[in-house]
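Remarks on the structure that follows.
Each chain gets a letter, A, B, C, D, E and F, in the order it is written, and its residues are counted from 1.
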Amino acid sequence: MIDGRTEKRVDDSRTVMTEMIMPNDTNPLNNLMGGNLMRWMDVAGGICAGRHAGQHVVTASVDHVSFSSAIKVGDVITIQAQLTRAWGTSMEVYMEVFAADARGRDHRKANHAYMTFVALDEKTMKPTSVPSLIPLTSQEEELYKSAARRREIRLILSGRLQASEAKEVKEFFSAMK
Amino acid sequence: MIDGRTEKRVDDSRTVMTEMIMPNDTNPLNNLMGGNLMRWMDVAGGICAGRHAGQHVVTASVDHVSFSSAIKVGDVITIQAQLTRAWGTSMEVYMEVFAADARGRDHRKANHAYMTFVALDEKTMKPTSVPSLIPLTSQEEELYKSAARRREIRLILSGRLQASEAKEVKEFFSAMK
Amino acid sequence: MIDGRTEKRVDDSRTVMTEMIMPNDTNPLNNLMGGNLMRWMDVAGGICAGRHAGQHVVTASVDHVSFSSAIKVGDVITIQAQLTRAWGTSMEVYMEVFAADARGRDHRKANHAYMTFVALDEKTMKPTSVPSLIPLTSQEEELYKSAARRREIRLILSGRLQASEAKEVKEFFSAMK
Amino acid sequence: MIDGRTEKRVDDSRTVMTEMIMPNDTNPLNNLMGGNLMRWMDVAGGICAGRHAGQHVVTASVDHVSFSSAIKVGDVITIQAQLTRAWGTSMEVYMEVFAADARGRDHRKANHAYMTFVALDEKTMKPTSVPSLIPLTSQEEELYKSAARRREIRLILSGRLQASEAKEVKEFFSAMK
Amino acid sequence: MIDGRTEKRVDDSRTVMTEMIMPNDTNPLNNLMGGNLMRWMDVAGGICAGRHAGQHVVTASVDHVSFSSAIKVGDVITIQAQLTRAWGTSMEVYMEVFAADARGRDHRKANHAYMTFVALDEKTMKPTSVPSLIPLTSQEEELYKSAARRREIRLILSGRLQASEAKEVKEFFSAMK
Amino acid sequence: MIDGRTEKRVDDSRTVMTEMIMPNDTNPLNNLMGGNLMRWMDVAGGICAGRHAGQHVVTASVDHVSFSSAIKVGDVITIQAQLTRAWGTSMEVYMEVFAADARGRDHRKANHAYMTFVALDEKTMKPTSVPSLIPLTSQEEELYKSAARRREIRLILSGRLQASEAKEVKEFFSAMK
């Protein structure tokens, strides 16, 4: 932890990235390729996590992502990344992607995703602890709380937690409609 | 469906992509950025799905992906993509990523992921049906069978299926260790 | 003018772009090359002007830019672009560039610039009129007012106005310390 | 100063760069984006200044640039860069940009600009002195002479010189038509 | 030589690269530019040679290459690289390029080429010896045998062998139809 | 043929390209990759041939190329391309590549190559005739004369001419030392 801070707020690391879709970012149908969007989300999320950690970070995982809205060449996308929670050496970042055409018209939500990052010490290249996150608004509180459930699912999917022990996930499945 | 074929085998669309990690693909710690790997996986998966469909395809979703093994600048990665199953107009592709250094040493599995793609008719830009997949080997059979479970999880995660109705997923959670 | 609006506020088009400096963006001394920074500023400014105009825009000019602070590979830059004023078919955008290292440390102002853009009608490819700008805050008012002086200087530099007729510029030169 | 030379001629560092406009260099209207042109001009100018200095150089400033002629995808641009003058550790480079289509037709002047560069010692990373420039032709003499005026304007614009003390600039404003 | 092996088989280094043609890879007629294809072939060949050598490699030469089949934006190319023979510190790689459209249709051979690479010791940066190649199939035997002739031609073309002493080449010219 | 000209001189299409080697252009040993150099040579040669033809051109072939001099990241290369001869619808271009470091030191010839291009009519996409070349200097005459021999070798290598009928090549092999 740098500068003696053991706690940070969401606004301390909030990151906004804006990109214009260039021809090479698209497939033969002139739609933004999903992989290119994920590359930008990874950069935006990494910058956000790095600002919170005050350390270098590496991507640990990406949760399930759906691509619904076609984004065309010339469109402008805005990625809004915010930290949801930190645990020891790892952090979860929530990202929303908005798209509009080059003239600022047809504004729409295109996507969202959760990614996790781990802080690394530059010298030892080992994970290093990061400040806790203090949620303030109700949206920040909601993301903070639901992060526990998403973390359990990741642990199950990577085989480090048995489904039967995942109490947050049980609630998740029973609560879904 | 082109050329009158309503069924194809896994080998008809198997795709191998090899890339050398260039400086711009890495973060300040000289590790391949997760987002760049996902971009290549998206291209490899899309080519594989396009070969099966005989149509243009777009990315529909990416399942949870973990990044464990650090991949360095100069390393060579090999992405092996194979179709696991097709449903109507959509397809699931399984990808394994292997890494080695520039001299072919330190060969290791780096990653794996499942992505789904939808075939689009070039004129109407609407989803169009694709051939069924015929699994032959036991590995192909296993991936074919488990694809049903992964599909259910995707439907739950996107709110199109209630967890209580997901019979494959129930089996998945009870069977995990 | 789209959607019947003949006036817009600064916040309607404010644009934030965040980029991480990759190896290919730097010179052999590992500093961000000035031309790469100007390329990003041009994209950010063009998106901002396009949002105000509700039309496609092209770059008309860049005012004098100085590069003082060295920006290193791995650093993160944030470009904040805001409209200062609109005249008929052209707009002036003010941009400030901030830099920090990959860990969010060493935050500093790196740069600023004024660029002008012209809105083009997509069909005729001719300049087309844009909404007026309504400045609200005192910073917005100050930029709005000084835009007249910068416009005169541009007209002089491009030979379309005689220095002797440039009343705003006279004030500028006499007021400078 | 390397190789004992304290003076160089313009031809010792003259630089010609030719580029074909690729799709990713253009905006949604298929015009070369102004920022991409400035990126190439920065590279060409930096190579020219590096050849004169016999040292690494960094961009110090770009004077006002106007973009008048639309340059299309597939067009070929030629940037001709030449040193105009050197002062201690800094140099001014003049660049003219010509454009033609891919078949060598429609040849036209597209642009011109002045940029300044500073030579840096590779070890100390401090500014280091460069050879003087010896203008030979009348065009070289004219650029050499007018460089003093442009330098004064830059010093005024960056607040390091009072307008009232700028004797070259006074002449400039009174001489313009 | 690493890992004590002084001989390797063709399959030990066989390399498959798959790429989708993006807009920036094409000329104004929307055809893949020949130079871009050669860049990919160089990367594929270098990975193949590096796998055989177990060392870093650099490109030594490219034999005559013809470009006959137009490859369009959106097409998918597959480069198959295999070692043909090794001599001391150098290796010859044979590459075949196949193309198909984005839907896997119109599959055709686009190209082939022979390139040579030299293994370099990472510390001394001097050429270092590589394992011998053991051809197994009749295709591998044929490429192994004809490699001697191609090597003679290269030595003649680079002035290191007199045509009159090139016994393999004499046979080549008399045998051609 | 445009503008009624059926003959052009070498200087009408001479092309100079200057590029700085960026990190992504190099292999893990920090040397410019051979394939990247060939990509630039292809662009420079195509611009040169396009200027002579007054038409769009595509690459037809590259003659044998050797890579001898290591070119490092930060080095500056200059490609000088000139037409040697034209036959009906095709043209041969000769290119010399020079390299120096970023400070203009260590100037050396790095490479040379011959490439052929074919002019295409934009509408029919069929080969279209180009102006003849008029060599003036003795260097231009020499390249013009030897072009016939290189053309014969290409026809032999592509199986369109029998070696026994290649009278220029016979002279070539007997004249070499």
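Criterion: a residue touches a chain if its C-beta (ideal position, glycine included) is under 8 Å from a C-beta of that chain, and two chains touch if they have at least 3 such contacts.
Predicted, not measured: the structure shown is a model, and the values here were computed from it.
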> What's the overlap between the neighbours of subunit B and those of subunit F?
Replying inline: C, E
> By label order, what chains touch subunit C and subunit D together?
Replying inline: A, F
> Could the interface between the copies subunit B and subunit C be described as same, meaning over half of its residue numbers are common to both, or is it different?
Replying inline: different
> If you match contact pairs by residue number, which of B-C, A-B or C-D shares over half of them with B-F?
Replying inline: B-C
> Approximately how many whole Å separate the CA-defined centres of subunit A and subunit E?
Replying inline: 43
>> Measuring centre to centre with CA averages, how many angstrom lie between subunit A and subunit C?
In response: 30
>> Centroid from C-alpha atoms only, then distance subunit E to subunit F, rounded to Å. What do you get?
In response: 21
> What parts of subunit B, by residue number, touch at least two of the other chains?
Replying inline: 20, 23-24, 27-28, 43, 46, 56, 102
> What chain pairs are in touch here?
Replying inline: A-B, A-C, A-D, A-E, B-C, B-E, B-F, C-D, C-F, D-E, D-F, E-F
>> Residue numbers of subunit F touching subunit D in their complex, please.
In response: 2, 13, 15-20, 43-44, 46-47, 50-56, 76, 100, 102-105
> Where on subunit E does subunit F make contact in their complex?
Replying inline: 27-29, 31, 33-36, 38-43, 46, 56, 58-67, 70, 115, 120, 122, 125, 153-154, 156-159, 162-164, 172-174, 176-177
>> Taking the touch rule as given, give the residues of subunit E at its contact with subunit A in the complex, in rising order.
In response: 20, 22-24, 73-74, 102
>> Can you tell me which positions in subunit B touch subunit C when the two form their complex?
In response: 23-24, 26-28
